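For reference, the structures are reproduced in the following blocks.
Presented sequentially are two complexes of chain A, the first with chain B as partner and the second with chain C.
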Partner chain A sequence: MTSREQVSRVLQQHGALMVLALLVVVGSVAFDSFATAGNAASVVVSSSFLAIIAIGMTFVIISGGIDLSVGSLFVLGGVLAAYGSRYGPVVALLLPLAVCAVVGLLQGLVIARTGMAPFIVTLAGLLGVRGLMLALSDEGATTYLVEDPAFAALGQGGVLGLTYPVYVTIALALGAMVLLQRTGFGQNVYAIGGNEQAAALMGVPVARTKVRVYVMSALLAGLAGALNAARLSSGVTILGIGLELDVIAAVVIGGTLLTGGAGGITGTVAGVLLLGVIQSLINQVGNLTSAFQQVVSGAFLALVVVAQRLLSKAQRLS
Partner chain B sequence: MKPPIRAAALALAVLLTASACAKQEEPQSAPAPSGTAGQQVVRTPSGSAGPTCTLEKFGGEKFDLTTATVGFSQSEKEANPFRIAETKSIKDEAAKLGIADLKVTNAQSQFSKQITDVQQLIAQGVRLLVIAPLNSDGWEPVLQQAAAKKIPIITVDRQINAEPCADYLTFIGSDFYEQGRRAADRMIEALSGQGKVAILLGAPGNNVTTERTNGFKDRVKEKAPGITISFEQTGEFAREKGQQVTEQLIQSNPDINGIYAENDEMALGAVTALKGAGKEPGDIKIVSVDGTRSAVQAIADGWLHAVIESNPRFGPLAFETARKFLDGEPIPGKVIISDRDYDSGNAEDALGEAY
Partner chain C sequence: MRRTDLEAVLEAKGISKRFPGVLALDGVSLALHPGEVHALVGENGAGKSTLIKVFTGVHRPDGGELRYRGRPAAFGTPMAAQHAGISTIYQEVNLVPMMSVARNLLLGREPRGRLGVIDAAAMYEEAARVLAGYGVDTDVRRPLRDLGVGAQQMVALARAVSVDARVVIMDEPTSSLEPREVETLFGVIGRLRESGIAVMYVSHRLDELYRVCDRVSVLRDGRLAHTGDLAGLDRLKLISLMLGRDLGEVRTRGVTGFDRRRSAASTAGSAPAVEARGLTRRHVLDGVDVSVGPGEVVGLGGLLGAGRTETAKAIVGAMPLDGGQVLVAGTPLRGGSTTAAIRAGVSLLPEDRKAEGIIPTLSVRENIALAALPSLARGGVVSDARIDRVVEIFMRRLRIKAASPDQLVSELSGGNQQKVLLARWLAVRPKVLLLDEPTRGIDVGAKAEVQALIDELAQEGLGVLLISSDLEELVEGADRILVLREGAVVGELSGDEVTEERIMATIADQADG
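Right, the complex of A and B next:
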């Protein structure tokens, strides 16, 4: 790899980071209450749940797939955690993880063994899992409350002004970076996303790797749901609708290619924070109508994608 | 070269899909209600029942509303008449009272976003919060932060499941159970106590849906044993969903006599579905709750039998309650407003007061 290609790859992956830095600077200058500890904490804490799911999605997308079921798994995880909390914190955490892992395993097996498109398989997952959640909660009318104080503390307590889910997210992000860059599994994920046939010919265990990737994505979505239920002290049933699109958007503006084979965790984390900061800036302005808010956030995201594209193109031409 | 182009195109496609999900609402040139007509009125004498709260008991300190930062967190897009009128009422009243720094956020129906919105309003130093909650449960993180800073919270239209005067100040809104009962009375009257009725339920997980459903069912059970409720499904308070569910309803239960829609948007969706199925106005009696202009117009046109009002103009009452509280007056744990009803007798005259 030449140094020019290296620079272009860095730009592709860190376009989001640069726009993020720019927005933070602009926000700090324009609004007194933007660069405060309270506001920063709200952005980081609320981003942490999206980030946990986006870490799993990064693996899926690098492997050339997509997982549309994460929004439904997120809400199911929360409902199961709140329901399980009556049996103690261990059940509250393990019940959603176990159920989500089974869903991920089924999806992964179908995708890997039958060659069906991940888009369709996980779309079925999206619908089926939300249906399961509605069945467990009387069509969403019953909200289970978290009855175990130890489990609630996991979502609400914290140190140094940040809640525990933020530290969980940081640990998971670091672990995922090592897994992706320093292990054979990570190399296999890149190889499958780059060229599946070539990877298979080279002896990469394609099916096994794919199954693991979807199990991981489902597990992380369930974990995020469980932590969020602990934070809210209840299994809120109206969460997660359209969340998969936010997650995919964060991963893609973080520089991971939707076609697979390239991308990374740092970009994803930057992408998630970028979404959070855009939202926070809109709230700082504080008088945009809902329609205009969507225009602004849509425009920002388009800007990031275009900027990334131009940056990497300019780099290649020079 | 190729993959990045495709990826960029795909990414744009994803983002465009994400931003293209907005609902449409025809702009309404609603005339301003004349005088005090159309404004919320507190129901007497039982409108302010329950234990009261004072500034001293709440533990806050007095401040000047006009110079303070005030936050309003809206739950859903301003894409239906109720939300449009609600947000406008809060903004207009704040402007009228000279509240210079009103911060408005909109959660776009995403509950996680509403929690973050309110936390960011708190981070911006608001002294008073007016919240239209999307969901009744799950407010723990917000309530903790607001309590730590002694920020009074007034919830409007939906309730939060928490302790008034401790976790939040008070709730201003309608008696939804009573709305359900009154809707049932209108349905019983329309069907002369006999027939099959379908319910288009509101969005799950909030007290409005639960209470409008229970009120209706309890009243039917008590007054009209000849009416059976043979179909219930959620239309999520949305017009398209109401239409879709009604289309299925006509297929599965062609002998239905009445539809109780838990808001006007779903009722209007039902009207569209009935028109599509070749029904005439009045073939199936529809009763709904809200009192939007389009619904009141639909009464005049003969499609709806009656509409129980649920008044969204919370601005004057919300800020009046805040002012009283800051002046040290006792505030009830619930401020219940009185709602009117519309039927063929008053629909045309009342059109100007509907929202």
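Right, the complex of A and C next:
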């Protein structure tokens, strides 16, 4: 392996992590209030919901697909959790998970069995789920409040300065890493995204794997929504619209190829944190509005995609 | 005991397979016995791929019976066939390029450690051990795409064999291998034969067939033309079986639409319109020299995979080259640019009309005008009237049968689609036209018309490079024929030498070294 090839490979896999480290260093030097425990905790806490969804999206994108429905599922999950909380914490958690799993199952079955484009199927899912959420909340007029203190504590309580959702995210990320790298299911996901036809010929259960991937993505989106409802003590109906795009951006910035077949959880976590740190840095600057965060994130995403293209070209040439 | 005395492990009995408009297999019966290496040969469209796909569960036969290990078998999916013990190595390596070598080799059979989690160390160890037996010495943790194509093919082979195969089907396994790798492959095939595995070997390289195969089956036009021992079968006989030309059979002239005997003298003196020198691309072309003079029709002969299409593509810059040069009227052409070739007056009518030629969603008019747009435009704006004039001229001249110029080209017959493509390239006023199988898949009447048209165009001074698997068409249409084998020119025939027998004999000539 040539050194140039090695460099480009490391950049592709760990570029987000390196930029993240760089930004943290720069931020710490430039702003006194950046490198504080409080600020770090706030970045991590606010990133955790995005991270949970992004873990599921990583599987979807590695398998060569895309899931546009996660933003709507996140909102629906929150509404259902708040609604369900009147029946206790178990219902508050399981109701959104069950509904989201069904949506994911339907999407996965349509994608896997009919061969329709994931983009279209999950776009339909996005609209349908959003409609469902609006119906439940009387077009947003009704906001369900979380009435169960135990469930609210799941989102708000914590230990060692970090809330429980952060620990859930860490556990999920570690579990996802093992799942992706060390199980047959994970291998099948890579194989399908890398070359679906070859995977089928190699005996990979393509349809079943795809269905599982979409169920998982929907489940995680619902879980993130539920945890977010617990954190806010209500099923907010406006936050999370368009969230799917942030999630996809984080995954791609993390080095997962949109064309499928390559990527990983560490990159995705780095990508999510990177977006969070950019947001935090822009807040530090003070006189910039948070709208600039989107401008910077967008520019950064464009940069990453161009870099990926160049890097994979460099790898092919050497 | 003769191998054929053993019960067949895989047997086709009167298998038929029909696709819309085509009978791809017509009652083919063929038996594979344990421990034999069985060659399957045939030209393009003979039905080889379809037969392989029936064997491997990709297609289900419409008629006949498939028997596997003495019992009727119906494989619903490639997976089912594979589980039953029929493994296939495809021409295109069918692995996942971005995954590591080890994971590709062992996907689905990874060694497990505690908690059923994949034991990476054990996996890498096993992969390295297995691959060493196939002459692949590499870091198995690297992505598969880092390996050369030959080594990738070895990984595919190792994978296929290690899943308890009883039958291994190899589709052109040596097409991208280095000589050293070919030797390793033959060693592996020898081991398979000894362990009683049946190997079906598809290749056009006759030297290889005679080296490793015990028996041969020849498919032609979806039917079994011959099956039997290879050892006693003469090379020339084998080729005539493949091409469907009986030895010594002399056809009367005039069956094709060609109607011209131009004297060779008229073209001999003039400078070539296009000249290719030493076209080389690893595994594909090996120093091919071709020149076409104005008004000359040069034929390219050879079996499938000999490098005919590739030569044409190389000339127009549609295929990257490792070496060689194309001169148009003495001026070197910038490589790798079809635009440069078209501008210089060299155009290619590709073999695959559907994929590389017509744009089905556009009208006849638009399809014809497409390539000529730059020359019809003034300041980037194209005049509708000028397009109409050009389209009208060519539709009349080529006798294109369409309801109107605005009819969708996909609604036309194959022959008329081909004429639309011819018109497209004639509209850019080329000096040389490369025609790759110009009459394949079009009806007899249209075929004769296209052939007559080629004649006419040549008489008007157009240089033509004609590629055709139809020997008759080649012999009657071309003034001069270059015969290719394994990417190299192995013979040139001109004048009275241009006969079907001579072409076949040239293809059959043993390559020395």
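The rule is short, and it goes like this: the second predicted complex is superposed on the first by the 283 of 318 C-alpha atoms of A that agree within 3 Å, B and C clash if a C-alpha of one lies under 4 Å from a C-alpha of the other, contacts with A are read in each partner's own complex, and residues count from 1 in each chain.
The rule is simple: a contact is a pair of C-beta atoms (placed from the backbone, for glycine too) under 8 Å apart; a residue touches a chain by one contact, two chains touch by 3 or more.
On a predicted model such as this, the values are computed, not experimentally measured, just so you know.
**Q** Identify whether chain B and chain C fit side by side or clash on chain A in the overlaid structures.
**A** By the criteria stated at the top, chain C and chain B fit after superposition, with no clash.
**Q** Give one of first, second, both or neither to describe whether A:V204 is in contact with chain B, with chain C, with both, or with none.
**A** A:V204: touches chain C, not chain B.
**Q** Name the contact category of A:S234: first (chain B only), second (chain C only), both, or neither.
**A** Only chain B; A:S234 stays clear of chain C.
**Q** Have a look at where A:L127 lands relative to chain B and chain C in the superposition and call it first, second, both or neither.
**A** After superposing on A, A:L127 lies clear of both chain B and chain C.
**Q** Please indicate which partner A:G261 is in contact with in the superposed arrangement: first for chain B, second for chain C, both, or neither.
**A** Touch partners of A:G261: chain B and chain C.
**Q** Kindly classify A:A150 by the partners it touches after superposition: chain B alone (first), chain C alone (second), both, or neither?
**A** A:A150 sits against neither chain B nor chain C.
**Q** Scan A:A117 for contacts with chain B and chain C and give back first, second, both or neither.
**A** Neither partner.
**Q** Of the partners chain B and chain C, which touch A:V178 in the superposed model: first, second, both, neither?
**A** second
**Q** More residues of chain A are touched by which chain, chain B or chain C?
**A** B
**Q** Quick one: minimum Cα-Cα distance, chain B versus chain C, in the superposed arrangement, integer Å.
**A** Minimum over all C-alpha pairs of chain B and chain C: 10 Å.
**Q** Name the residues of chain A shared by its contacts with chain B and its contacts with chain C.
**A** Common interface on chain A, chain B vs chain C: 261-262.
**Q** Looking at the complex, which residues from chain B come into contact with chain A?
**A** Its residues touching chain A are 3-4, 6-8, 10-12, 14-19, 21-22, 74, 76-79, 87, 102-106, 108-113, 115-117, 119-125, 134-141, 144, 203-205, 209-210, 234.
**Q** What does chain A use to touch chain B in their complex?
**A** By the definition above, chain A touches chain B via 12, 33, 36, 38-39, 41-43, 45-46, 49, 134, 137-141, 143, 145, 152, 156, 228, 231-234, 236-239, 241-242, 245-246, 248-249, 252-253, 257-259, 261-262, 276, 279-280, 282-284, 286-291, 293-295, 297-298, 301-302, 305-306, 308-309, 312.
**Q** Would you mind writing out the residues of chain C in touch with chain A in their complex?
**A** By the definition above, chain C touches chain A via 77-79, 82-83, 88, 90, 94-99, 103, 107-108, 110, 116-118, 120, 139, 142, 145-146, 159.
**Q** Can you tell me which positions in chain A touch chain C when the two form their complex?
**A** 1, 178, 181-184, 187-188, 190-191, 194-195, 197-204, 261-262, 316
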